[in-house]
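The following block contains the structure, expressed as structure tokens.
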Amino acid sequence: MTDLPTSSYPALLVGLPVLMATISLFFKSRGNAVAGLIGCLLTGGLGIVSFAEVTQRGTLIHILGGWKPPLGILLRMDSLAALFIGITAVVGILISLYAWWYFSSRKVSDGKFTLFWSLWLFLWAGLNGLFLSNDLFNLYVTIEVITITAVALAVLSGRTVALFAGLRYLLAAITGSMAYLLGVALLYGSTGTLDLGLMGQALEPGATATFSLIIITLGLMIKKAAFPFHFWLPPAHSSALAPVSAILSALVVKGAFYIMLRLWTEVFGVSLSYAAGQLIGFTGAVAVIWGAWQALLQTNLKMLVAYSSISQMGYLLMAFPLLILAPGVASGSADWLAPAWTGMAYQVMAHAFAKSSLFLSAGIIVFALGHDRIESLRDLVAWKPMTAMAIGIAGVSLIGLPPSGGFMAKWMLLKGIFLSGQWWWAPAVLLGSLLTAGYVFMLLRLAFAPAREKIAFRPVPHILQVCALLLALGSFLIVLPSENLIQFLGGTESFGTGIESIMEGGVHGNE
Amino acid sequence: MEMNSLLLILILFSSLVPGILILLLHERQVFMRSFLNLLGAVVKVGLVAWVFAGYYSGEEYVFIFGLAPDLTFALQVDHLGLLFAALSAVLWLVTTIYAIGYLEGGKHLRRFFAFFSLCVTASTGIALSGNVVTFFVFYEFLTLSTYPLVVHRGDDIAVEAGRTYLWYTIGGGTVLFLGVVGLFVVAGPVYFGQTEIIANLVAENELQLTILFFIMLTGLAVKAAIFPFHGWLPIAMVAPAPVSALLHAVAVVKAGAFGIVRLVYDVYGIDTSEQMNLLTPLAVFAAFTIIYGSLKALFQDDFKKVLAYSTISQLSYIALGVAITGVLSTTGAVVHLVHQGIMKITMFFAAGNVAETYGYKKISQLNGIGRRMPLTMGAFTIAAFGMIGLPPIAGFVSKWYLGLGAIEAESYWVVLVLLASSAMNAAYFLPIVYRAWFCEEGHEMVHRRRPGRFETPALLLIPVVLTGLFSLAAGVFAASANSPLSIAREIAERLYLYLP
Amino acid sequence: METHQIYSLTSVVLFAIGIGGVIMAKHFLKKIIATIIMGGGVFLCFVSFAQRDALTFADPVPHALVITGIVVAVTSAAFALSLARRIHQLTGEKTFPDEK
């Protein structure tokens, strides 16, 4: 591991946002926001540049302070990490720009919003740190940084609904973290290392491995609001301020998913079985259908969008049963691994773009009307055509219609499903699509319907709409470079160890 | 990029770019909007004509863009695609002129014309698709771009109709998606015309291929309005007349019919389809739909409803022609793809003109209208006679070939279906023609909404006269080179006789 | 039974008590204390693995981890407490509305 090319990008990706967050704390009101926005733009730019660097040079590492592992901390930026960092950067920049105009058109003296910028930068640092982590404990620390800053952001509005939702979110997240940490303790006890790669080699199948697998998976599923632990997500995401909702749903839930992906593919190989994959896939399938169904029943736009997150995150879990091979299947013959893997990556990207766009659009509607009842979307195409368009485009990507990123994700996933012969997942994918079409078109239908009375709305800065629309378009634009992206993710020698092993042979389950 | 590939992209861009630009314009920039629209339409016709000429002088037109290692976005030109692209381009130009006149002074025109252009982009994309995946991409794009047109009026009825429309088409699209992915997994990326791929797989995967065929057929049948998936079509009539015209002639329903033609001829191949016995169910459903649509049309009083049910019936002629094997019936099916388009668009233009000029929407109100609007109703009469199958109008040619094909294939029951349908066509179209020319006007006060020099504004009159003449010309000059019939004939001969 | 086994067993029991508390207790304070108990269990578990074998030194890594873990846990608990206090100030509630 330590012989890979070294670069200072990984350290900067964590250090810079922390520094800028601290600087912005020294200023009040306007200066705070200026420092915060500059910090966001720099961090985002750095994320994009470092992504480009990884595509050129392959996996980069950074050894903090020159202390080599196991004592020191090693940051690793492989293709998977680069992908997540890249998405976070692009989505983060647009959300930051939106937030700048969103907050500056409110009363500047409103002191409580000034915390937004430093919290968001700390959160960003946590996310980058999480994606770069190469050991289990580092993952724990970074996800805790993310949780605390995320909850703080979620309650920023100070409304009681948000406070209740925030406390529930925090308690759920702490429980999840503790479960995860207990699993880490057990794993450390049996292997004597925290490094992902070394632990994967040292772990032997047995009761400890199985128990820690279960408890870690449960803990992470609470944190990523997987079915049936999703209860905290809709109130928390829907009661937050618009830019915060976008951050929480597009980026934060992906953190816990990322840890789960890393651990399942790089550490738990020996203790996974075909049945475990089927079980996770099943919870995913239920989430897809149940979340979309709940979304159909909502009367508030932000609640609808929040339930849609539960549904969309379910698709990610449906890739797991495809990645775990049944005993006796030769890895060379498993031609469905690549589609399943790239489908999952596309789902992550498409959802990040589409969902943030939807929440920002919902924010525009709240901004203009003061509430977000779905009924109030009537005649939206006439009074806010650009927002209606953003909702439409993002919605189309969520449904998975071509040529969106969501389409690529579903195409790959279905292809993997058919190739692996696990056809029973196909109805869930398609039914999920249909239900998603149901709630997206419920919104569009209202948007085209005539208004019952004259709509009185507050003028909305144009740039807010532009940000939402750009994010929506992003969910389509990710299809253009797909050939290169898939190659990049597919991993040649230089990209990432874990992915390499998956692409070569899947995760081999035991009997 | 090569010139020829660029041309294909330009054909798509000639309507896509105006569509996007129009969205950016201001609602009041009427001149700029109309200019962009017409410019795009004229450029498209020109480009298609260029490609047409080039293709016949031996040029090849292919554009390929890799999305994933084995997933490609491919455009290519073959006879069938070219025929459909030419139909879309010409009728779009005509409909654009009509729509500018028809919607003058209406609301939300920016949105309307933008999506109108996107809709034609999708339609041309379907024509030029080189493989199944690309076809599917444009097929879904068509659904989305037509939705705002269907609900354009924006009242509750329109929005409700839009909902029905979406449920049918999105449902159909989802089913088609399943089939397309399945086909991709079984057979890999199938380019249109590579029928040997499926043929080689039949021995091993017959069951899977049969299931996939019917899954895809179901998905396509929703747009082609084949019974029992026709329910959305009469409801979608709430759209403004130019939209209905385009939807019925080249866009949505034609996309479904064209998809069926592609599926049978260019994906599975005619030999394989017959060998696997896939075509009999299609023939039965198509024949039933022909009779059913005609029967329903008999009992309508709403002018546009009659035309809608007539479309359901007429479209299944194409499916029926595909389902019967033989050079003649294939010729009939392919040529009807074009003929039905120009005749039906004429009828919708005429219905729109009557409604727009005098506010008449019911057949019982049409007494004597022919004397007030001789050119409009003259064009309508030509199209109606064509639909019934009277020589020398376009519809006669297609019915003639379908009938000959049925006799050639010894499917005499199909001949009966065709005869019965023609009789019913006459039974619901002739009364309209009779009322228009021979009945005295009623006592009610006739109030003309749009006064002017001609019987109706020139922008509304020119298109209907043009398409009426097209319908006549397509029949009269059917035997000449480069007529729709001769192209259809060439397509059919290539399919069966394996000409180069 | 050896010392570290007793430690491990106790830690699991503590963890279970904590989980039970978070789910079943209604009062905010009780819930928050339950998370702290859960944390105690986890840290005890870590410490019990420090003694890999009786002969050599204790493994320093778990200790470092536990200290970091405690800092994180204290932060979360403090944050949760401040949220609960704020809710109490604004509404007078001590429990979630749907858990009364």
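We call the chains A, B and C, going by the order they appear; numbering starts again at 1 in every chain.
FYI, contacts are C-beta pairs under 8 Å (C-beta built on N, C-alpha and C of every residue); 3 or more make two chains touch, one makes a residue touch a chain.
Note that this is a predicted model, so its numbers are computed, not measured.
Chain centre most remote from that of subunit B: C (centre = mean of CA atoms). The most central chain, judged by the distance from its Cα centroid to the centroid of all protein Cα atoms shown, is A.
For the pair subunit A and subunit B, the distance between C-alpha centroids works out to 43 Å.
For the pair subunit B and subunit C, the distance between C-alpha centroids works out to 68 Å.
Subunit A and subunit C have CA centres that are 27 Å apart. Multi-chain contact residues of subunit A (touching two or more other chains): none found. Put simply, subunit A touches subunit C in their complex at residues 70, 137, 140-141, 144, 147-148, 151-152, 155, 160, 163-164, 166-168, 170-171, 174-175, 177-179, 181-182, 185-186, 188-189, 192, 194.
Residue ranges of subunit B in contact with subunit A, taken from their complex: 66-69, 71, 73, 108, 111, 136-137, 140-141, 143-144, 147-148, 151, 154-156, 158-159, 162-163, 166, 170-171, 173-174, 177-178, 181-182, 184-185. Looking at the complex, you find that subunit A touches subunit B at residues 342, 379, 381-382, 385, 396, 399, 401-403, 408, 410-412, 414-415, 418-419, 426, 430, 433-434, 437, 441, 444-445, 448-450, 479, 482-483, 486-487.
Subunit C meets subunit A in the complex at residues 8, 11, 15, 18-19, 22, 28, 31-32, 35, 38-39, 41-42, 45-46, 48-49, 52, 59, 61-62, 65, 68-69, 72-73, 75-77, 79-80, 83-84, 86-87, 90-91, 96-97.
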